[in-house]
Amino acid sequence: MFFASDNGAPCPQPVMDAMLRANQGPAMPYGNDPLSVSVAAMIRDVLEAPDAAVYLVATGTAANALALATVCPPWGAVFCHEDAHVQQDECGAPEFFSGAKLLTVPGEHARMTPAALQSVISGQGKRVVHAVQPGAVTVTNVTEAGTVYTPSEVSALAAVAHAHGLPVHLDGARFANGLVATDATAAEMTWKAGVDVLSFGGTKNGLLGAEAVVIFDPEKAWEFELRRKRGGHLFSKHRYLAAQFEGWLQDGLWLDLARHANAMNARLSAGLSALPGVGLINPPQANITFATFPDPAHLRAKAAGALYYAMGDGKARLVTSWATTEAEVDAFVSQIAG
Amino acid sequence: MFFASDNGAPCPQPVMDAMLRANQGPAMPYGNDPLSVSVAAMIRDVLEAPDAAVYLVATGTAANALALATVCPPWGAVFCHEDAHVQQDECGAPEFFSGAKLLTVPGEHARMTPAALQSVISGQGKRVVHAVQPGAVTVTNVTEAGTVYTPSEVSALAAVAHAHGLPVHLDGARFANGLVATDATAAEMTWKAGVDVLSFGGTKNGLLGAEAVVIFDPEKAWEFELRRKRGGHLFSKHRYLAAQFEGWLQDGLWLDLARHANAMNARLSAGLSALPGVGLINPPQANITFATFPDPAHLRAKAAGALYYAMGDGKARLVTSWATTEAEVDAFVSQIAG
Amino acid sequence: MFFASDNGAPCPQPVMDAMLRANQGPAMPYGNDPLSVSVAAMIRDVLEAPDAAVYLVATGTAANALALATVCPPWGAVFCHEDAHVQQDECGAPEFFSGAKLLTVPGEHARMTPAALQSVISGQGKRVVHAVQPGAVTVTNVTEAGTVYTPSEVSALAAVAHAHGLPVHLDGARFANGLVATDATAAEMTWKAGVDVLSFGGTKNGLLGAEAVVIFDPEKAWEFELRRKRGGHLFSKHRYLAAQFEGWLQDGLWLDLARHANAMNARLSAGLSALPGVGLINPPQANITFATFPDPAHLRAKAAGALYYAMGDGKARLVTSWATTEAEVDAFVSQIAG
Amino acid sequence: MFFASDNGAPCPQPVMDAMLRANQGPAMPYGNDPLSVSVAAMIRDVLEAPDAAVYLVATGTAANALALATVCPPWGAVFCHEDAHVQQDECGAPEFFSGAKLLTVPGEHARMTPAALQSVISGQGKRVVHAVQPGAVTVTNVTEAGTVYTPSEVSALAAVAHAHGLPVHLDGARFANGLVATDATAAEMTWKAGVDVLSFGGTKNGLLGAEAVVIFDPEKAWEFELRRKRGGHLFSKHRYLAAQFEGWLQDGLWLDLARHANAMNARLSAGLSALPGVGLINPPQANITFATFPDPAHLRAKAAGALYYAMGDGKARLVTSWATTEAEVDAFVSQIAG
């Protein structure tokens, strides 16, 4: 009964197999090996973006921070939801790498509405030299609340950003979960919706530690490469980042993994919400359920070995992954039922 | 005939096996899993440093930059050799993470002498508020020239640093190669010689991408953790960093790998230096040979598929690794011989 | 009818006289002249703080940013009101100098309550390594809304900060206006109330461009000096910063200037609030009045040459200074009356 | 006998008079007052650069650091002489503001030759992503050694920079002294010679604390304004910076002041070099003399109240200013003569 986080799951065998395949003989370092080149092409294919610049890093925080630094100047404001991962959970990494200031937008279930985004940008836009300048918009999808923006919702936010001349970053730490939740293609969720730069998450969906940054307009590519190196995020044995993506993208495995995680979450939230005394806090649209249940239910679950994040006041954050089993879900629901 | 870099080598099977063993079931993220805890203990054992703070990151640049940022203030000077990796090959990462300024010390074969270090520190020490303040000393061992400091030589440099109240960092990207070259223990090369913080390199000696930062006085441990997170260098699936070290430290594999690399380098440099028209530029004390040979020899080697760094003016940098074979070495020498 | 800002006023003659007196013969640069030394002592006397470290800079933004950088680490959170000058009007300078992240506290009339501050700090304090760590509290007094904290109110905020181990900075850009509004001594408003570091503003109260940073525990003094130099804020001809303070502190001139500014503001707000159709937005406790009046009144005032900040929706910010005259005030009120 | 520094001199009366003239009535802050606008135009006239962006700051370190940050990216290398003020005497401010790394060029008498500059840039230019990228060249004129580049020498350095696509910054802390030493116009020494951005120093030549940054291609103007504010270097009462330049530029006073300083230096160096046992270290081409003389001469001079920088080993740095008198010079020479 492991619901602590999707980054607590192991890695699927095809990913490990790709690592083993990559572990043959010498290879030029720093991404100059054939596998790294071909995996970048695979990612461009997935995104239907033949001109995009694609770079691999090992952590989601690195992906977000480097991506934002590349599109937002040091005197810029990055607009994000007040619960966004970049605001809450990256210990200031986006600010450290970019020099920018994060300005937050309120909104239910960790979602920004176009109107709310517009209001915050407009307010800042009037501030002349004394204030940081509107610099970029970052959208987290799947959100921290487990909700999902559809491509058209992303598009509406991007339209607000672009109307102010601002680039749009998508924090896709759970990108695959969002795609399968909305039945969208990767292209529809990103550049077709106005996204300029993407953090394409892999770690939370089965990789050991690999994320891609995709810059749809490659003019900033060289700058990104220098920022990555200067941030200590350029891998010498780059093939092992590439191999993870290779095993994961082949035959659509990455989407299958996300479908499974979402399905387990649906089973979990359905099971829980059918119980008396249990409430769902946000619509569980991807692979995270936020629920409230009574203290005795918490105690029973913990005693039975369930691992999850108890947030106080009876609230729980429950995350499913590609490795979650129906049996785990059912056992957990059964413990909560009492 | 791959002599381009030791980071072009694959990883030994025991390391991959450890990865596969670690890939079982869920594990708490961010280093809170049992394997990560036990591997930190293994590293403390190797260093005979039971109180040391031990942290894993994925790249050598991250290890160096975070280590220096932790011990040197933003208005500090980091003293290093003018050919040091931190000065030449990290795209300003040490400065980015620390805010400090690198001031360089000359010296033959990429080595600082205590007298030269003393002279540069003393010169800077007189500069009052207008200049950056002496902040830290960093020693690269094995050096970029492939030479090695013995523990007593490290100790002599550390004595100069400590006399000025400066902490000592050891950039041990090739730490194991240095240990086997000098027949020193890890403790003798580090804290017993006055080293305060160590970048304990793994990647160049067989790991996929893992380095340890060891802070011998753990007072700065929490600061390091925050700097690591803020730099995007905290892995969520931390067990896969730990597993690399586990497979590598067990049964002294890491030292065996380094012994092999150094032996292949000794064979290579001996073979080359016996040839007419070939010169060695630096004493090849670890796993790197810098040699000069005539252009036709370069052409023959390249034509035969040899990969190495041709530096112009007939110079070559040749790096051996745990995966280099005698046959590769002999074939290369044979090509150069013509 | 100049109500645009108190920094639009000229400088009183005694300040200019002190500049002329200082302009005699050579003087050692960088603060090593007798006048700079004696003015620092004058400031310590005013604050009844014989051990305090006192430094002069030329702008309020520099004072705040350097002060916060000295007391808050780069991974820290600076808690401030959401309307604070450091958050709204310094173009990210506090973040640039400190590396810290500003986290805001809501509150009516630009004032934090101890309970609101406690709530925000506590929320952040639970965030372990993934979030910035509570680092410092900064209190703006006089606030951006023209309201004033009494010493006991500052003390209550400082008690919350200190209970969390956080240092307290007071942004006193309008320090003198706050003192005379509350009839407090400089000591009562600062260290006796728990303030650890003070931006002692001069420019908005009659100086050409000079502010003092006072660090009550001088352990951080040398760090501040280096940060000031590194920020380009150490004046070579330091005597001209010192002279401003000398002319201003002598015979209590600085408090007389503030009393006049506050009196003019009281006259203004009383005059306006007596008019039909005019409303006051915040309690005008120092030298700033925020008022609403109908558009025709705005038009009349502007046509008559009044200068002030029209904020939209009928709102106006009106700032009085040491140089504001009763005639200006009465003429303005008369225009608004119509 | 004050030869400690030109920034130890007071300010000439016309500058103080301009300050007093500016101190009349209210003025819009932050440079939006008529005097600030007209002074910017005066500076453009002096430079024959009608399109240049002109900004005032209070210190030379701020001018240099902000100028370099505006033209060099964070991953860039700024090439400068190893004795340059930006390298030696600004406590890392250029690095702090720009993020760039300073790489030094050797050269006699603090002067770079085009060949030496070319060599260092070319060496760095081959370093791909692992090294900082060539970013900018900064030339100090008058140099720290008191030598002067002629316009054609500046032009030769700029040609090297431009051939590598690098912008050229001129650190003109002693700009006027350089102009009168070479009989060049401000335009000839700057944009006509290929300079892209200028730190136009005032403080060392008679101002209280004011420097202009001139960006000849104004495309970066808005970025500079934001960097200035974010650095705490935008003055609210900006008129007092502008007034200094007004009084100083009128009727060519600034050049007269520099001529006097240079003439006093010529008298000083001539007097000293005629003495037995006295040597000049660098050609004294502007207002600084570096000389060696025996210890007894040092003792006599110090006993007689002479203030100057004794550098050890019998060396002295002697700086003259607009305020130096012939009597001071002669008295000093007389003391050294014994």
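By written order: A, B, C and D. Residues from 1 in each chain.
Just so it is clear, a contact is a pair of C-beta atoms (placed from the backbone, for glycine too) under 8 Å apart; a residue touches a chain by one contact, two chains touch by 3 or more.
Here the structure is a predicted model, which means the values were calculated and not measured.
Between B-D and B-C, more C-beta contact pairs are found at B-D. Chain centres computed from CA atoms place D at the largest separation from chain A.
One finds 33 Å separating the Cα centroids of chain C and chain D. Averaged C-alpha coordinates give centres for chain B and chain C that are 50 Å from one another.
One simple way to say how far apart two chains are is to compare their mean CA positions; for chain B and chain D this gives 42 Å.
Within chain B, contacts with two or more other chains are made by residues 74-75, 90-92, 96, 129-130, 226, 229-230, 234. Chain contact summary for the complex, chain C toward chain B: residues 30, 73-75, 129-130, 133, 223, 225-227, 229-230, 234. Residues of chain B touching chain D in their complex: 74-75, 88-92, 95-96, 99-102, 127, 129-132. Listed in rising order, the residues of chain C touching chain D in the complex are 2, 4-5, 7-11, 16, 19-20, 22-29, 57-63, 65-66, 90-93, 96-97, 203-204, 208-209, 226, 229-237, 240-241, 307, 323.
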